[in-house]
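Every chain is named by a letter (A, B and C) in the order it is written, and numbering of its residues begins at 1.
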Amino acid sequence: MRYLPKSPADREAILKAIGARSIDDLFAPIPAEYRLNRDLKVPRQMAESELVDWFRERSRENGDGYATFLGAGAYYHYRPVIIDSLISRGEFLTAYTPYQAEISQGTLQSIFEFQSMICELTGMEVANASMYDGSTAAAEAVMMAVRLTGRRSVVVARSLHPEYREVLATYAFHQGMPVATAGFSDTGRLDLKELEKSVDQNTACVLIQSPNFFGTIEDVDAVAEIAHKNGAMLVVSIAEAVSLGIVEPPRQADIIAMEAQSFGVPLGFGGPYCGVIATREKYVRQMPGRLVGQTTDRNGKRGFVLTLATREQHIRREKATSNICTNQALVALMANIFMTIYGRVGLRELAKQNLAKAAYAAQQFGKHAKVLFSGSPRFNEFVVQTSEDPYAINGRLLGHKIVGGLPLKKFYPELGNAALWCCTEMTTRTIIDTAVGLVAESERSVKSAKEADVEEVAR
Amino acid sequence: MTYPTDFKYTKEHEWIKASGNTATIGITHYAQESLGDIVFVDLPKPGAEMTAGKTFGSVESVKAVSDLYAPASGTVTEVNGELATAPEKVNKDAHGSWMVKIALKNPGEVNSLLSAADYEKFVAEEGGH
Amino acid sequence: MKSVTRKATRHVNQNEGLIFEKSSAGKAAWKLPPLDVPEVDTQKLLGSSERKDLGNMPEVSEIEIIRHFTRLSTWNYAIDLGMYPLGSCTMKYNPRVNEVVSRLEGLANGHPYQPEKVSQGALRIIKTLSECLIEITGMDAITLQPAAGAHGELTGLLLVRAYHQSKGHPRKKILIPDSAHGTNPATAATVGYAVENLKSDARGMVDVAALAAQMNEDVAALMLTNPNTLGVFEQDIAKIADLMHAKGGLLYMDGANMNALVGKVRPGDFGVDLMHLNLHKTFSTPHGGGGPGSGPVAVKKILEPFLPKPVLITKADGTLGFEYDRPQSVGRVRAFYGNFGMFIRALAYTLANGPDGLRQTTEDAVLNANYIRKGLEGAYDLPYSTPSMHEVVFSDKLQGKKGVHTMDIAKRLIDYGFHPYTTAFPLIVPGALMIEPTESESTEEMDLFIEAMRSIAQEVEEDPEMVLAAPHTTRVSRLDEVAAARKPVLRWKPS
């Protein structure tokens, strides 16, 4: 086996050195009746070239070369090439969690920079080293609010990513945390009246997403006021990190639970992504996940260490703030490099292009179909309601090597034939026009079919 | 280290100094020494109820957390706020750095705790493990 | 903090500052294509939601970014540089072809919501990996959704709870040996179970008599790491499984040490009802400085109805798809389908090995641990003489007499060019030195390691002060962790 640095003679020599007759001696502690005396039924050993071919074939079967209008918590942005050049360095790729600070300064300093930039972008005071993803970060942020307030119930916006809500439901169920849902109004924003009714003295936090699942930017001030006057915390989930380049961050939030996938992390069919929790300094001891802090060595030289570790499972065990151990360090490094590349000016310009593309597309779609929630500000996603089932339209778009917007029936049946469309800097005007053309065609044919029906009836 | 004789002690290494219906509580010199550099002290808020033998807070070093056990039952009347920003005071002077003051529920409870001499004997045995 | 200007000689000597300290207005490492749609009035579109300023985000050029991160990287130790004997962490070689195939366009750019019709490649990867892992563990079904080992534990205990609930009562507690990883009790608490400790016997194994006494109808499951954290195979596993099952409890196996068993024995055959795997340990996906991981959970038939949704199925027309209608499911544990990028790497590893390679890998891992054990016996105290599988745990008892402890020896090891072993774990060994070489080490590398460790033992006798002050050759010396925790500085701010 090509990964194993031993010759048969080496193995014999080791057996001899340790005083074993054969390798079986070493497995003697395993009761004989359980030992596997056959080959595992897995595919035979492949050469590297065969391996690459096999995966190339899978890649071709997986929408290779398709343009996409999908967003909904996973965004297609350009990834500058130096991200992969840098994270492929063995010193980053093949290092462990930086517990041994003296020989992990590279990882530690880069995480410190990551935490700092997340703070700058979110307007929070502290950020952790990463969580699994945006959905689990949101659930963990809610559990953090429960610990901080000593209250148990949670109010969640229905305009939060449906799968994030499902994850929260899974986590909350066994913690005995009642979860209430507050709907959205016809502006696409959280229904404040409904929120007002749902929040009470038992509410630990209100959890919203902004820009929300429909791409609409929430009125965070108003939501914060309702939460805070009831002594509840406000947790804001941000699924599209690029929005932070041009959308005011939810500074009134007590905890922000983010998904940083948009920052240079490949779509990768849903993962690995990069969750982050950011909050106020006074709440840091209830924050889950690893934290890097600045300190000095014996000679007074600046250095970095993992700190406030007593919150974590390897020390506090069943009383830990979370059971999280492995996080998403290498993915956080991708995000870190991405944020460094775009920086103070680039991130705003990038966000502005997203805004412009989505505005153009929404306007074009709006000429033929109904664009919902158009009264509220939005970032790079919008909802289009068509007369025809969006699955049918998407089927035709696939023929043009275009993946259309996400049909929302599964998550929001009340919206009928609606689909969530996303445009990023990667979405060209040509592709937008093609998609709009197909939607226009669909509307025309539905309309003429209807007219034909009407004539039929009239006759 | 000499252990003040007007204090009473627990096997969990807290000291308590009672006077009438009130008492002051901290951790012993032995406790701070075994913990090492204390980086954080987590204490209840005034008004909180404490029950003898139950935890009421914790002290943390870089890589360990120790629960604080109430030597006696009562209501917290005052918390040493200084320790929030200067936990190292406990290392410097454990018997001088009180953590909470409480109104005792049953002042007689304190009498059953270890005397300075008994406690010294106890830590000598524990240290010998 | 301004660093002294000087020409660097060695990377380790470079004083690379924080990226913020290199920033100045007008520098850029980005360029966007011209906008092909009309410009927008951001104020009009966003109103009061418009952000005007991005605070202290850096402005730097591309070459500065390359140098910055390359320099930082040189301050890290890595598997690529040498032996990384962290016990329990399984720091094995991370094959490079895994990285190449996971970046193939269709896989890297696949959107989780793209139609199943154009997702057959990704679904085939999930299916093939699932089948391999089911075969390797000897279980009946699997979910790949959990994002890491601890997340797998969480999923596993949710399954345990749902299973007992379906029988009328979720039960109250989880038994956990005192040698377990901290994630086990932390997870049990997250799922709303009380934790009851189970003590180890003199051999470092589960005390079967204690288990028999503690097992009752309140116990939902036993979380057992096998081989355990001492690197010892639980020889009474059959009795343990029987004791659990007799009272209706489940046997959960923490698969952190599965690399000692692959191809040699299957947990499903020795009575395990469910287990998680760490793809970033046994299946070679890179640790990346702390993640990402992936923690699939494999289960027996009785637990299949409760698996997180969606579940991968083969449809009537032979194509693959997800099934969402799972009424007994515990729900979702994360958005989308799991850390797919790690599935690609784990599958590439499995295919590169085949049945013969997987078995040989396990044998070599066990062979190497025993070689290290033999090499260090005598120089370090071996608290448990029970046979070792893939790792061996020594203690600092001998060195402690000179005031030198496991962390000091670990720091001195850095000066010899090795990453330290795992210190102070498992908790049942005071002053533990937990060493796991994995199969990736050659005899030459192990000989160097043994020599270094023996030499340190010698140094402890002759010059303990020197060991206590180690490391001596790193860019920074021992860091003040107390100050870091007392007055946390968790972000950069302009001075």
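Everything below uses one rule, namely that a residue touches a chain if its C-beta (ideal position, glycine included) is under 8 Å from a C-beta of that chain, and two chains touch if they have at least 3 such contacts.
What you see is a predicted model; the values in this text were computed from it and never measured.
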Central chain of the complex, centres being mean CA coordinates: C
Taking each chain's C-alpha mean as its centre, the one farthest from subunit A: B
Geometric centre distance via CA averages, subunit C-subunit A, whole Å: 21
Whole-Å gap between the CA centroids of subunit A and subunit B: 45
Intercentroid distance (Cα basis), subunit C paired with subunit B, Å: 38
Set of subunit C residues in contact with two or more other chains: 481, 485
Residues within subunit B bordering two or more other chains: 40, 60, 62-63
Contacts with 2+ other chains: residues of subunit A: 310, 315-316, 319
Residues on subunit B engaged by subunit A in the complex (per definition of touch): 40, 42, 60-65
Subunit B-touching residues of subunit A, taken from the complex the two chains share: 285, 309-310, 315-316, 319
Residue ranges of subunit C touching subunit B (in the complex, touch as defined): 424, 481-482, 485-486
In the complex with subunit C, residue positions of subunit B that touch it: 37, 39-40, 60, 62-63, 87-88
